[in-house]
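Naming follows writing order (A, B, C and D), and every chain is counted from residue 1.
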Amino acid sequence: MLASFSVVGVNSAASASSSTKIGGSVSVWNEFSGAEATGFATALKPFEKETGVKVTVRNIGSSGPTLIEAAVAGGKPPNIAAVPTPGSFDLLAAGKRLTPLKPILGSEVKNFSAGWSAAASYKGTLYGLWLDSSSKNTVFYNPAVFKAAGITSTPTTFEQMLSDASTIAQAGYTPISYCSGTAGAGWSATDLFQNLFVKANGAAAYNNLVSGKLSWTSSDVTQAFADYSSLLGTNGANVGGISNALGTDQLWPTCVNNVFPTAGAPTAAMVIEASFVEQTTPANYVGSDASSCTLTQTNPCYDYFPFPASSGSKYVKDDQSSGDVAMLLKSTKASRALIKYMGSKQFATLWEEAPGGTITPNLSVPASALKNPVTASIVKNLNSATATVFSMDDEYGGTLEPQMWSNMLAWVGGTDTTAQFESTMQSETKAYLAANG
Amino acid sequence: MASVVLRNLTKQYSGNNAPSLEMLNLEIADGEFVCLVGPSGCGKTTALRMIAGLEDVTSGEIEIGGRIVNNLPSRDRDIALVFQSYALYPHLTVADNMSFGLKLRKVPKAEIEEAVQSAAKILDLVDLLKRKPAQLSGGQRQRVALGRALVRDPAVFLMDEPLSNLDAKLRVQTRAEIAQLHHRLQATMLYVTHDQVEAMTMADRIAVLNLGVLEQYGTPRELYNFPNNQFVAGFIGSPSMNFVSMRINRDVERVYLTGMSADSNIKVTLTDEQSDILRKSDCSDIVVGVRPEHLIEESIDHAGFSAVAEVEVIEFLGNDEHIHATSDDTDLVAILNAHSSVARGDSITLSAPHDTVHFFHPTSGLRLN
Amino acid sequence: MSGSTINAKIRTSGHRPWIREHAVSFAFLAPAAIWLLFIVIYPTIDTVRLSLFNESATKFLGLTNYKTVFSTDTILTAFRNNVIWVLIFPFFVTTIGLIFAVLTERIRWATAFKALIVMPIVFSTTASALVWATMLDNSPQIGAVNAAVLTVSDWFNPPGAYPVSATAGQTVANLVGSNAHAEKNSSIVSNSSARAGGMIDIGLEDVSPTTLALLKAQDAVKPQPMSGAITGVVWRAFSPSDPTNKTDILPAELGLPILRLSLVNPQGVSVATTTTTTSGQYKFSNVGTGSYFVELVGSNFSSGFTGISWLGGSSLTPVSGLGQTAQALLSVPLADMAMIITYLWIWAGFAMVLIGAGLASLNREVLEAARIDGAKEWQVFRRVTVPMLAPVLAVVFVTMIINVLKVFDIVLNMASGSSINATPTLAVEIYNDGFTGGVHSGVSSAIAVILFLLVLPAMIMNLKRIKGV
Amino acid sequence: MTTTAQTSDPTKRRHLLRRMLPARGPSNLVLGIIAIVWLVPTVSLLVISLRPEADFGVSGWWKALLDPASLTFSNYRVLFDQGFVAGGLLDSLMTSIEITVPATLLVVFFACFAGHSLVFGKWRGRDVVFLTVVGLMVVPVQVALIPVVQFYHELGNLFGLNPYGTIPGVIIFHVAFGLPFGIFLMRNFMSGIPMDLLEAARMEGAGEWKVFYRIVLPLALPALASLAIFQFIWVWNDLLVALVFLGGNAHTPLTVFLYDQNHELQANYWIISTGAIVSVIVPLIVFFSFQRYFVRGVLAGAVK
């Protein structure tokens, strides 16, 4: 707080020295729920106390972008909105709905790496602030199951992961519990493909694919799908079968609970999903082997390893991430102060400290804020990435997002061949890019 | 109390060719009970609704109590209307139905109460005041409708076929009650009906309407004995008058009638007076009318009318019987004493005296004698 | 009479009451009229206008948006879904309504029954969709519909003790650990053969520890050979201490209980059967001459019924040999069926009530006349009742066409991620397209206009019919 | 409304009919099975809402029927313990009421007025107006969302009163889209009121307003009740309008509450099912209390 005091600009009354009461209120829309929402509220408390600004937070659920569009059209946008979709961020920025943040944030800009700042910019102007991030480069596993399969160390290459999966299958466990997401929303299937692609071809190629510079019919895409097949083809890759991945019952958190059950024994060994698996796990995981593992905040009975690249890949540290980007839709003294606060060390530290396993890309957070060694390791991994990409479905706003999910699930379910998937995606991407430029 | 005068009252609905009511002139004296009769569609209800202010007047004038009321809304005409359907407010009790109009006029409560009570007494409704219309019989509803008109103490009572929804017995009874009511109130009443019996029994004067035109206006007796034309003659009286077409033969010394065919079974002899009238007329044919009740089953001397007819149907009515017989392909109806021994298939002679025979112009229908 | 003066006075003031009467009438209409004008009529006209402009409503495009509608796959899919709905739903709901209405005529508790059937109409579509998504869950452990199917299916195709999850890509061959091979008929047969007094051991892997715990499996113990008998053990040949060793029975490796075994001669004919003990041992006594193989019968590995994925992305009629677009347009997503079932649950009561009212107002004497004329009950129904009910049936049918053309909530609430692309209807497309990339949407407006034009004739038809009911 | 004489006739007829129909046994059986099938989904929702959260993904709800002791009100307790926190269940319940009651009353009143004008007014062109109104029943709600959002924005610019994002904004929209059906229903019902009654009242001195509220309104009460029930249930169950106009608001109705829960990362089945039961209770009470009017509404409103 004091550090920011020295760089107060005209707009950045945000520094909120304890003597300045700004007052008024700020509305914030986001998609945080459960523990995340509680943590977010906790992190905002000091700001409200210091400035006298009342912050009204509203969870707008997954229809967020639609509601923001409607609110803008209705002339009553919230002061600040945070969305997990860079795609809708870009659309709002392109529509000149957003306020540039650089002059407002001032010194807080330095709390973010160039990569994350770039991801919050549109045509070179900074419009956003990444509140939190998730590493999608994570594979969570149950150490007890690994032990039961005789696996003593986690895989470091994709090939090793396949052979371990095979061993786990022989041991009678499902190697990978495949999440089909809430109501089968295909995002998990998409994440897995993206991990495979970025690890094999790097972030630059990945972004070329997103922007249409690289064709979906290229051999790199085909190879990623071949890898995908080999992973799913490992017998019993998926608890309950692939058709369940396409249905509704492989709900979050069921897919996590297969590995980290709330009761009974685990049936699967690994779950490949983003770091927010942690938010599901500690809350209800009883531990598969109560005698050897006592679950505490500092000693989780779960662990993770970074999604491995094929041996020989140059892009081991190119990672896939996600997060929520905050943007200023209605600029007032109070809302400017708040968004500056959201970029501060204090906010980020409080949020990471709060239970719920939230991590932020804010570099100023001290390591001491993370008591859980698994979380600490994930954060370290996240910050050490050489390049970060976002999920394509998030990059694509609107209709292409569900289209991609559906195409992906058609491929997973065997309805579409790889070639069919590629040609469909290619034409849909082309149409989308043509429409949204 | 007030008189009602209609002057050249005309109603023309858009889209219709003929007017529904054409140049109706009618004077109803103060306290008089007048019936408007005619077949359905004759314009009688239209006339009534125009007087009530429920229909716009196309042309002509309506005067009630010396005021021309053409452009006055119903509520300012000081009239009451008893609807054919009674139009009782189903959601209100009998008492509330009757007091509705008075309440709207902000008449003091006590006065309303009194008016309702007295009307209820007159109409024998005292025990029913708390009921809703749905809990009443047809006759009771009818009385409530009358009561509703009564409490208003209007200058003119208008009634639109108020008895048509009652069964035959009740109708006769209520008819008498209404007549009695009129005597008691001495109010001006205009009563629309298609039933000539009602009109004959109740009215001081009757206006017969047909196709929007007033055919005749007079006392029941006038209408019965001296119908202006064939329509009125046929309309008044039940069963209706028999009509026979005959040819007029004008000899040098006398006029006589023959049947339309050579071997006619119908004979009409004329009095000198009648001969004179027919001689002067311009037509070659004539319609002879004779009421069924004037026919007797025997040949009489100097009968004005006589016909040999074959009995087809006998309707036994207790005291008397209606005989339907055919003569010269003409249907004749006669009311005979039930003691007559006429049987189906009999050939009988039906006769009527001179003074009961009517002559009508074959085209205009106007009465000649 | 002082006619003329009075006349004049009344005439001049004569028109005021007339005007006032109408003024009151207009005043009565005004609130509704103003409301409709601004919130319904203006947007409708604006939609027609927007459908002729580009997305940001700045450039007139003529009918280009309409061309886009008919050349965009997702919108054509929406058309297809509307067609599916219109073809299936009104027919079934009318039929069901008719059956219910006729049957309720004959029971004493008709009122209670009707209330029960009508009840779902008052539920929000969100709640109904939620209920049915659970009912149709593809796991027979959770979804009641699949559980019911499972109960029936288990009579004919019971699952074995060691079910193989075919949908997960697992095969019987995956189970083979040592000294065996999988046969085409899903059985596993030993590689080695034995004569009386001999032994055959078979190692399996991929066997879930959970299953073994459930079957109370004990450590595998190799039995002693017995004269005249063939004995052996079938065990789970996997040990974390030595995962690659499949041939030796290592400590803590468990026997596989209640496996059904068959003794087969070299010609493949089964001569005897037995089952394994809790420690995986088996024994075939009184074995004849010759050598025999041991077969693990296929039914051990049958997975039985595992559930229909009602709300998944699969289609009812995958038409092969057609172009991709044609194939997509001709297939019927299973999720559509699931939604139609849900919608039937919601609307059957409506149809029943309407048809029931029609039935109640039928002239019974006509039916009685038909019976007296010698018609059997079914003939009365088929030839007299139904034709007489035709106007009501038509109203129900057409009302449901209108309803289904505008179907929206159920799709929004029920479609899962995998079926979200296969199930949109026109109304859903209007919503989806309307809020993407800014809120002016020419294409979305064009779809709306088309939908409007589709509903209109049905509405007109209904209004004409409804007078007859 | 019915006299005893009127009702006795159909029952007599019914007995006659019953005798002529085939045995009732099979009908009872078939309908009994249908009734159970129809009831199962509702029962399942109720049972799920009464089961511990953790049981949902583990076993089917019907298992709980064998073990009624496992049922608990804890889900309800948790939800109701939140009290009236913005975005909580009780707050949503209140918001639903705040939207539904005015939206229902306004539609009922305006539709009554308009129906009166269209049936008993004598001005020319009222048939055209009526047909236009009926035509508006065809307009899908989705069509109007964007233009009305923008219209609200304009209102804000012009008069400083922007109904977007407020409860009145939702109410205004619901009233508009409830009116065509409301007017249709009221007009159809009112045209069955005998003109004689109005004429009688007019003759007795009632002006148009008095005729309306002393005669027409009381007589139209059954239709009014039907309309009110329909409108109430329609508004209560609306998701789309509330989502678009109120989605970002702190106070949202129950449907939006449920939709939000349904689509978050974690499928909070216990909240959803419990919330769904709460959301269904009010319309169910309305339905069972006014079933007769509801059915009448169904009959009258067949074209919606």
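Remarks
Following the convention adopted for this analysis, contacts are C-beta pairs under 8 Å (C-beta built on N, C-alpha and C of every residue); 3 or more make two chains touch, one makes a residue touch a chain.
These numbers were taken from a predicted model, which means no experiment stands behind them.
Ranked by how far their CA centres sit from the centre of chain B, the chains are topped by A. Centrality annotation: D (chain centre taken as mean Cα position, compared with the mean over all protein Cα atoms). Sorting all chain pairs by how many C-beta pairs they have in contact places C-D at the top. With centres set at the average Cα position, the gap from chain B to chain D is 55 Å. Per-chain Cα centroids separate chain A from chain C by 32 Å.
With each centre defined as the average position of its C-alpha atoms, the distance from chain A to chain B rounds to 95 Å. Taking the mean of the C-alpha atoms as each chain's centre, chain C and chain D sit 27 Å apart. Each of the following residues of chain B touches two or more other chains: 73. Listed for chain C are residues 142-143, 435, 439, each touching two or more other chains.
Residues of chain A in contact with at least two other chains: 66, 70, 73, 182-183, 249.
Taken in their complex, chain D has these residues touching chain A: 54, 57-58, 87, 145-146, 149-150, 152-153, 156-157, 162, 164-165, 243-245, 247-250, 259-260, 262-267. Within the complex, the chain B residues that touch chain D are 52-54, 73-75, 79-81, 83-91, 100-101, 104-105, 134-135, 148, 152.
Those residues of chain D lying in contact with chain B across their complex are 1-3, 194, 196-197, 199-206, 210, 214-215, 218-219, 221.
Touching chain A in their complex are the following residues of chain C: 74, 133, 136-139, 142-143, 165-171, 174, 177, 205-213, 236, 238-243, 306-307, 309-315, 318, 324, 416-422, 432-433, 435-439.
Those residues of chain A that touch chain C in the shared complex are 65-66, 69-70, 72-73, 91, 95, 147-150, 167, 169-174, 180-187, 232-244, 246-249, 264-265, 267, 397-399, 402-403, 405-407, 409-410, 413, 415, 420, 424, 435-436.
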